[in-house]
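Chain nomenclature is as follows: A, B, C and D, assigned in order of appearance, with residue numbering initiated at 1 for each chain independently.
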Amino acid sequence: MKILYFAWVREKIGKSQEELEIPNSVSTVADLISWLETKGPEYRAAFENKETNNSAIKQSHVDHRTPLNNASEIAFFPPVTGG
Amino acid sequence: MKILYFAWVREKIGKSQEELEIPNSVSTVADLISWLETKGPEYRAAFENKETNNSAIKQSHVDHRTPLNNASEIAFFPPVTGG
Amino acid sequence: MTIRIQTEDFDITKEINLLKEERSKCGKEDVGAIVTFTGTVRDMAGKTPISSMSLEHYPGMTEKQLEAIAEEANKRWPLLGTTIIHRIGELNPGDNIVLVITLSSHRHAAFEAADFLMDFLKSKAPFWKKEQPLEGEANWVDARDSDKKSLTRWEK
Amino acid sequence: MTIRIQTEDFDITKEINLLKEERSKCGKEDVGAIVTFTGTVRDMAGKTPISSMSLEHYPGMTEKQLEAIAEEANKRWPLLGTTIIHRIGELNPGDNIVLVITLSSHRHAAFEAADFLMDFLKSKAPFWKKEQPLEGEANWVDARDSDKKSLTRWEK
C-alpha cells in the first residue's frame, strides 16, 4: 500500500510517502494508524492527536472507521488550510 | 425653481430641464406635480401614474408629501434601473 | 474610496491594483480578501433580442448617492478599500456596465459588502437604462420588484 | 469550467475574459453578473509579522476535490462559467493566493456561488499553508473553526 504524508504529518514522519506491506489484521484507517505507531516514535509523534489527522482513500476524505478494502493509496494530513 | 426631468419623464415632457416661478400656494412635491399638470397634456402624460414617479430635492430622494421649502432644484424621474 | 461615472470601459485587475496600492501606502499588507462584482449587458430582455442599451444618469446626485452607499458599507463592514464605477452612454451586449470592488481582511466582510453595495446601487443610484431591441422602438427598462425586495435583507 | 493549480500569478481580467469568450462561443451573451473572489497573503498572522508563506497540496486529490465543489455549485445555481485557480509554492505578503470566478445571468446566483465555492475550498481542498515569521521558525497554519462553521450555511 502506498501511504502519503502531507504538511506537518510529513515533517514529523520525515518522508512524503512510502510503500508498505500491511498485515491482514489491519482493516480500518484507525487500525492502520495504530500499526504505523508501532513502527517508531516519529509515527507516534505524527499521530499523537488523532482528531487533528485527516485521511483520504482514493483521494476522497474518509474518517478513521473507514475500512481500507485493499485500497492502493491512503494519505494522512492535517486539517486543510488553503484559500 | 430649477426642475429637472430624466428618462421617460424627460421624453414625455420634451425637455430635460426648465426654470419656473412657482406660485406661493404650491408647498409640497405633490402640489408641484398638480400645478405642472395644469401646464399642458405633456405634463399630464408624464405624471399619469404618480406612484411610478420619483423625485429628489437637493439630490436626495423625497416622497410626494415633502415640503419644497424654497428648494432651488427638484428632479422628477422613473424608478432607477442602473447596475 | 473610488467612485467614478464614465463612458469608457474599466479594467478589473487595474482597479484592484489601484486599491491595493492605496492600502499598501499606509504601510500595511492587511488585505486578505478582494471581491468584485461586474454587471454586463445581456443580449436578451426577457424574450426580446437586444442590439444595444443606453444609460442616462443624474450628474451630481449619482455621485452623492454612491458616496452615501459606500460610506454606509464602510460603517457596516471593516473594509480596506471600496470602488464603484458605473458606465453611461451607449453599450452593447457583452459590455461591462458596473464594477464594485471591496477589500477586507476576511472574506465574509468583502462578500457581504459587495452584495450590499450592488443592492443599494440598483435601488438608490439615479441611473436609467433604455434598451434598443433588434426590431422596433427603444424601451426604458422597468424597475424590478426583486431588487426592492433584495434591499430588505439589509434592514437592521 | 476552469480549474488550475499553478505557481505563477493570475490576471483577473484575463481570466474573466476567457470565461466570457467561452460562453460567447455558444452564441449567447446571457452573462449579466460576474463575481470574483481573490484571496491574498497578509503580512500578519494574528500579532506575528510574516515575511513569506509556502503552500503545499495533494496533487490529484486537489483537482478532484475542486471539480466536485465546482460541480456542486453548478447544480445549486444557474452558472454560465466557473473558474478556480489556486497558487502553490512560495508567496509574499500582498501576493494573490486563490481566485474564484462565477458567471451567471443574475447577481444573486453569482454572489452566492462564489461564496459557496470559497467555503468549500477552505474546508475540503487539500492545501496547507506554512507561514514564515520575520523572526523564528516557520509554522503550519491552524484550521479555523469559523471556516467549519461557515460551511453549515449551505446545508440543505
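As a convention for this text, a residue touches a chain if its C-beta (ideal position, glycine included) is under 8 Å from a C-beta of that chain, and two chains touch if they have at least 3 such contacts.
Bear in mind that the values here come from a model prediction, so they are computed numbers and not experimental data.
If subunit C is disregarded, contacts among the remaining chains split them into A, D | B. With centres defined as mean CA coordinates, subunit D is found 48 Å away from subunit B. Inter-chain spacing, taken between the CA centroids of subunit C and subunit D, is 22 Å. Mean C-alpha position of subunit A lies 73 Å from that of subunit B.
Within subunit C, residues 39, 118 each touch two or more of the remaining chains. Chain pairs that touch one another are A-D, B-C, C-D.
Subunit C contributes residues 11-14, 16, 20, 24, 28-44, 93-94, 105, 107-108, 110-111, 114-115, 118, 150 to its touches with subunit D in the complex. Of all residues in subunit B, those touching subunit C in their complex are 4, 6-8, 56, 59-61, 75, 77-83. Across the interface of their complex, subunit A is touched by residues 39, 55-58, 60-61, 64-65, 86, 97-98, 118, 121-130, 140-144 of subunit D.
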